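Quick notes on the structure that follows.
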Amino acid sequence: MGIRSPEEYVAGLRDSRTVFQGGGRVEDVTTHPVLGICVEHGASVFRLAQREDLRELLVVSEGEGAPYSRYFALPRSSEDLLRRMKLIEKTTEGARSVLNIIKAIGSDALFALMVISHHLDQAKGTGYASRVAAYGARCRAQDLSLAVAQTDVKGDRSKRPHQQEDPDLYVRFVERREEGIVVRGAKAHTTMGPVVDEIIVLPTRAMGEEDAEYAVAFAVPAATQGLKFVCRPTTHRGQSAFDYPISRHHIETESLTLFEDVFVPWERVFLCGEWEYAGALATLFARFHRFTAISYKPSTGDVFVGAAQLIAEANGVGGASHIRDKVTRLITYTEIIRACTKAAALDCESMEPGIAAPNSVYLNVGKHYFASHFHEASRILQDIAGGLVITQPSEADYQNPEVHGLLAKYLRGAPSVPTERRLRLFNLIKDLTASEFGGYNYVVSLHGEGSLEAQTLTTYRDYDLERCKKLVLGALEGP
Amino acid sequence: MGIRSPEEYVAGLRDSRTVFQGGGRVEDVTTHPVLGICVEHGASVFRLAQREDLRELLVVSEGEGAPYSRYFALPRSSEDLLRRMKLIEKTTEGARSVLNIIKAIGSDALFALMVISHHLDQAKGTGYASRVAAYGARCRAQDLSLAVAQTDVKGDRSKRPHQQEDPDLYVRFVERREEGIVVRGAKAHTTMGPVVDEIIVLPTRAMGEEDAEYAVAFAVPAATQGLKFVCRPTTHRGQSAFDYPISRHHIETESLTLFEDVFVPWERVFLCGEWEYAGALATLFARFHRFTAISYKPSTGDVFVGAAQLIAEANGVGGASHIRDKVTRLITYTEIIRACTKAAALDCESMEPGIAAPNSVYLNVGKHYFASHFHEASRILQDIAGGLVITQPSEADYQNPEVHGLLAKYLRGAPSVPTERRLRLFNLIKDLTASEFGGYNYVVSLHGEGSLEAQTLTTYRDYDLERCKKLVLGALEGP
Amino acid sequence: MGIRSPEEYVAGLRDSRTVFQGGGRVEDVTTHPVLGICVEHGASVFRLAQREDLRELLVVSEGEGAPYSRYFALPRSSEDLLRRMKLIEKTTEGARSVLNIIKAIGSDALFALMVISHHLDQAKGTGYASRVAAYGARCRAQDLSLAVAQTDVKGDRSKRPHQQEDPDLYVRFVERREEGIVVRGAKAHTTMGPVVDEIIVLPTRAMGEEDAEYAVAFAVPAATQGLKFVCRPTTHRGQSAFDYPISRHHIETESLTLFEDVFVPWERVFLCGEWEYAGALATLFARFHRFTAISYKPSTGDVFVGAAQLIAEANGVGGASHIRDKVTRLITYTEIIRACTKAAALDCESMEPGIAAPNSVYLNVGKHYFASHFHEASRILQDIAGGLVITQPSEADYQNPEVHGLLAKYLRGAPSVPTERRLRLFNLIKDLTASEFGGYNYVVSLHGEGSLEAQTLTTYRDYDLERCKKLVLGALEGP
Amino acid sequence: MGIRSPEEYVAGLRDSRTVFQGGGRVEDVTTHPVLGICVEHGASVFRLAQREDLRELLVVSEGEGAPYSRYFALPRSSEDLLRRMKLIEKTTEGARSVLNIIKAIGSDALFALMVISHHLDQAKGTGYASRVAAYGARCRAQDLSLAVAQTDVKGDRSKRPHQQEDPDLYVRFVERREEGIVVRGAKAHTTMGPVVDEIIVLPTRAMGEEDAEYAVAFAVPAATQGLKFVCRPTTHRGQSAFDYPISRHHIETESLTLFEDVFVPWERVFLCGEWEYAGALATLFARFHRFTAISYKPSTGDVFVGAAQLIAEANGVGGASHIRDKVTRLITYTEIIRACTKAAALDCESMEPGIAAPNSVYLNVGKHYFASHFHEASRILQDIAGGLVITQPSEADYQNPEVHGLLAKYLRGAPSVPTERRLRLFNLIKDLTASEFGGYNYVVSLHGEGSLEAQTLTTYRDYDLERCKKLVLGALEGP
């Protein structure tokens, strides 16, 4: 019941959703040359949950509603957060290394909604918490895949929502009806929106009173009337797995998600005009979601480390001292992120109604570190590998009988390493750092889960500066 | 006579050359979907030479053999090197910003060959200098396009040429005949090899006596019997200039260049067994060629700076203090390279027989700086621009009447900037830093014209450490 | 019994120890103008243990031998290591922020000796473990202060111990007698050696069979015959606490520690010729000691953060966005180290006979991070503060009635902050980063607890590279 | 006439100047234990001018007023600026490596005053230019030493001059009399003020109309009534040249310079209320002075490079690959600055009335680079040297016969390097980077000649952004 098969997930996407890509409307996302890869990638999370050896980690087998995906398990302690970290790490390791969030991001949103709706109900006597609970229970019971649409298109970034020339540049409700509300606007870069079951919509920032109509949160099925997705372009379409070992099977899509006066029934509305809570909701979601980010990023780091060492060995210089130094810098990159994730879990904060939120400082520090050093890590990996990363012939050329013999002769590296492995390693490194997919990785690392600026602001705001100031003033006074 | 039209250049490429790409043999590089773009890019250098406003800079109009392309003009002073810098900058500015080397690299090789052959003839009584002079005169008179094949495939990088299991992993001569020599081996990543007239082949490193057969330099026409090019893969083929404003028109190709027992007549052989000169030739070519590198890289920097400022303005934050800081870091990136180029020209070294070589320390410092900071510069540009760099819909979607109105409404930024300009700017930034072409740029910046390690070694070796040590020992003695 | 007062510690230092500083022999370290400050600093650890509010953290009150200093408590779990982290943090916070190791370093050595002697006895049937246990019990029972002498002077660093021209350039035993051994040599920079009760001597590196005589570990009282300390120079001597708010009260000394044929009885010998264990002992001590390092360094970070924010406020720019950015970078510096410390405790390794060793990768990554970024952190702090850090008049000038009025008028900053606080803050920042003591801090951060190179090597050696390689090879095979 | 001897310079300082240091009034700066070193340092510039081998570089022998110090020679071309660069480099090389500005800074101010007074007279019909010319001619003819007092104490930095609670927190004129003006206020960190002949006072920033009384520039003799200097503290006083090889002979002082209603006759007033010119004067002085900065900083770099290589050799690891990498990073540090200096001279700007101003972008980029990377350069040098930099015994201990033999035995490094040289090298590195003087160097590098922020602002403001934007817009249009 609570655990769907990959096939069930895929079948669930064949509905009336309105998706555009490559200049036309997509009839069926599951068979589309680009989006089909994204669907397969999404399905891989469901596939893992069926593996016996991972069942204990991925599936909660006991308690109310069991069995269900562990992604929906509320974190109530450091241990729970550490387990969630491991869960995310496992579902994103190796070839899935970049990200895989059709479960993670939605549950991050649910946790934040649970906390905020609880406080909001306490303060205002509203009834949001039970709606959130019911919605969350349904997602869990039906093992739904989820996307979160948060970032508004923003128009002129120097202006607040109500100051924009066009009032629709942040998503807002334009009408309250008896059965629900009508929303209008657009959200940018909704990851996997077109290939999931449900879209959860959250405000992108704190709102002032004049921005009250922009303080809105809700959830809609992907096939809702008036909801349109326009996907980012990509040239990926059934390419060679030799040439593109990662992105051949694992890419995600982002959409511009358009709300053309979409109707949302009240049971799916989680914030509607209570502008004082928009900022807290945006921030708390970011907090849970950045924990997800710093939980999956070390998986990428592991692949960088392994690829760096393997290609150095394939080039015959696996034991050189400069290789050791550079690989250690990649280890450092990976493990500083991982250390921050662990510290964020260890020093978690318990929030009403019983949810453990990861430590804000450690997770923002960790997220900023990974975002600001990813380009450097890529440079180190490319530096170790060499120029063949981009100049090596494709599989088609390598298999061309007119030149195969010559290529096999001349593209060989250290005799102990099979030439084909070496070529595949170059392609893996290219795929991750020097292809269209690689280009995407740079920007996702930087802007996914919030910009560098957002992490700096949050760190400063949430840090206990008074403690430090007190220590200094004490020191000035002497022993 | 000495100045060809772009059409003449293109016509000259329609010969029997043996080129492979995408799994098959390329019949005509000028009409091939990928290589045709490279040819057009190559032709742009010839096109510029026909512009009245650039004629003085690009064409030498007086003296022996005039008119001819200024690329072939020997640098004899700081002023000549500064003019060469300007020449390279002009031919690579703006949309051509990445590189454009079918004239530059070949003349760099000719300069190095002139100096080394002179010294070699002096020391050994050989007659290489006149061969080099005759070959260079022909290139100049016929306004030829040139590629240089230097980097050997190297096999096990921990071993020297003669230590490899397969003796062919560095290019070598396998036979001396009365009329010439026979060469075998392969060179990696020959830039533009398949779309130029002539290939100049140089040794990749210093050789010991046991590696004498690998000490070989020569030139062959691209259509020579036994010479085969296998090009790097690319998905570029006639894409939208809206989506790919740079790479739609300006890409280069690299080939694995295979020498299957190629015969080279003596008048085209410039080194053959004189192993003591292999290192000097490799190094001096690198010296001239890295000067080319640090002359064209500021053009890329200019585009980064301009794009950063423009996209910030399009987002409505052109005047923000953090934007100013970040744009200034891009200016710094660009101008440190430019300062090193100017210093390298200013402190040039005069070499027999009358050639001014740019200062080795400044150019290696400058090259290392641009290579080691390019990823950071890209990160800054992406940081300023935002996530739409990768998630913005393609031109095809933007023009799709079903969604065009919505996209035009929601993708607008600051009201003062046309929405379409904003979208094109995002695409420019994507093209440069987050597309397949962008991925290529990262690796080219790092490995083109030699690895970081090579620049470090050269700087240390060529620096006047004794002067610094003497100053310190003087300081220890007191006033 | 097991908890001494500060006065008892000080009294215990008045013995026949042989100490040189400033060109002469030091008669009494407790009253010496320089070393007296170090003694006071050492005493502060004992003083803290007498504070009621810290007693639970600093003193173990139950179990065998209780009460005793918690420094001597064996870590048996993650929780123990986290408590040790807190213990070290507390004893080094605020004005004591740099380091305070007369308990920490010795117990680090004891833990390592316990583990290694256990393994050694198991393997070789020796009886070291009981000696170590007895020695440790005595230290604990008598609440002794301890120094560790590990780094040999090394002579020509390109040569191993037995290859040196002078065989004494690494400490070695030159004679075995019935009652003990005779040792000769010198150890560099022994922190606090001249002002503690006991010196524990450990090998500095792995030894080969030919270096067997250098594989020696032992402990001696500071007043042992033949043991001489020559202290590092310092100009600190009873300076103004206004001018030097930290170093007026809290400095440490380092000595060159000379062993002129010192006799060591067998019960104090913990390694003697078993060269196969020298490396393991050196490494394991470093592991415990680097955990100490990354536990005290965040205390310095806290002071940097607090001082940065306070001086910005005193200058009237506490709310500026560039200040926020810079303070956040200091927070990041501090909390990345802290996160590594917590992760090192969390992922500890249980070692026979029941000791929890902190995770090697996290602690080396953390140590490398703090060492390689300390100069940058200092630069940020100085950047925020401004040039008055170094040009502000001294207290003597400030109190000079001829100019006091003028100075008070002109050195005032934001009206809300007392001028004197501002001046003291400048002096604190100078003391930490731009005075003789500040200069010392730079080098200690870099070379204390092992060089950057040592941390790189250890990280690479101890990292599970095979796991990463396996993930990559799995990814190459596809889903 | 125009070239004074060192003795004449020293004699000229024995006057009624009012200087405070160490809590009391300084009777005679030339014999004061601290300031006497500064005087000796100042005298060294005069001493160099007497050396035959340097005469051509340091003295102008032909033309009006010759002979005179080349520091007073107006730069009229790139060649003149390159010669000035060489002049500054020569007077600061080796042991004098940090800075030496009693000629440079004053002439920088004179050049700026000449340009601004010319424009001001043109625009307003004032007569400042002739006063400046007469004053400059006198300085040149009498070979005076000069200091510049520019940085105001600023009080609350978030407020402009007239907004401060106390109106005196920026220097201002409080009265205009027939014969001159009366000025009040204080300038921070005036380098060498107490030990030069003349103090030139310039505004620190652009002023608005309400700040007109703060728009004031003038010059006064150091012994002027009402002028008081309070010097920065230092513990330097006749220390061992073995322990402090640089700072024993070469330090500068900075003063808080107080103007207690100082009268300035009109012929010494160069700006008085013309607030529109305050910013231009401040900026143009900074431009000339930052050129001085980037001309002397490479001298420090040379010493870092030489010391790094020498200490590595003394430690026996001069040929290690990691040493080569690190020394090359120091070379890079030095030569990037030098390249910027050369480019700034090469691309100079000719200003009325005939003065060549160095290129603003290159010099600000160069200055920012040296300031922001000095700490890193110091770290590299310390990293190479090792911990003995701070723990090595002093000369007094080394010469103590009780331990000299032991120290000589154990402090020896590579046999080929005399032990004493090794010890002196450690001390040199300490003196530069890890002593009180070293601490001073960090802050001077950062804040001398303007803060990082100032250089960023100037670079951005003076850069030709429009050129870059145009290139990008051209690229968007296609070929």
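Residue numbering begins at 1 within each chain, and the chains themselves are lettered A, B, C and D in the order written.
By our rule, contacts are C-beta pairs under 8 Å (C-beta built on N, C-alpha and C of every residue); 3 or more make two chains touch, one makes a residue touch a chain.
Quick caveat, the model's predicted, so the values are computed rather than measured.
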Given chain B and chain C, the chains that contact each of them: A, D
Distance-maximising chain from chain D - centres being C-alpha averages: A
Pair exhibiting more inter-chain C-beta contacts, A-D or A-B: A-B
When chain A is superposed on chain C by its C-alpha atoms, the rotation angle in degrees, nearest 5: 180
Interface residue identity across copies chain C, chain D - same or different by half: same
Where chain A and chain C are represented by their mean Cα positions, the distance between them in whole Å: 41
Whole-Å gap between the CA centroids of chain A and chain B: 38
Between chain D and chain A, distance of the C-alpha-averaged centres to the nearest whole Å: 52
Interface hub residues of chain D, defined as touching at least two other chains: 322, 325
Chain B-touching residues of chain A, taken from the complex the two chains share: 20-25, 151, 153, 155-159, 165-166, 168-169, 185-186, 188-189, 228, 230-233, 235, 243, 254-256, 258, 260, 315-317, 320, 322, 372, 374-376, 378-379, 382-383, 386-394, 396-397, 399-400, 402-403, 406-407, 409-415, 430, 433-436, 438-440, 442-444, 446-448, 451-453
Touching residues (chain side chain C, partner chain A) in the complex: 44, 93-95, 97, 241, 245-246, 248-250, 302-303, 305-307, 309-310, 324-325, 327-328, 331-332, 335-336, 338-340, 342-344, 346-347, 361-362, 365-366, 368-369, 421, 424-425, 428, 456-457, 459-460, 463, 465, 467-476, 478-479
Residues on chain D engaged by chain A in the complex (per definition of touch): 321-322, 325
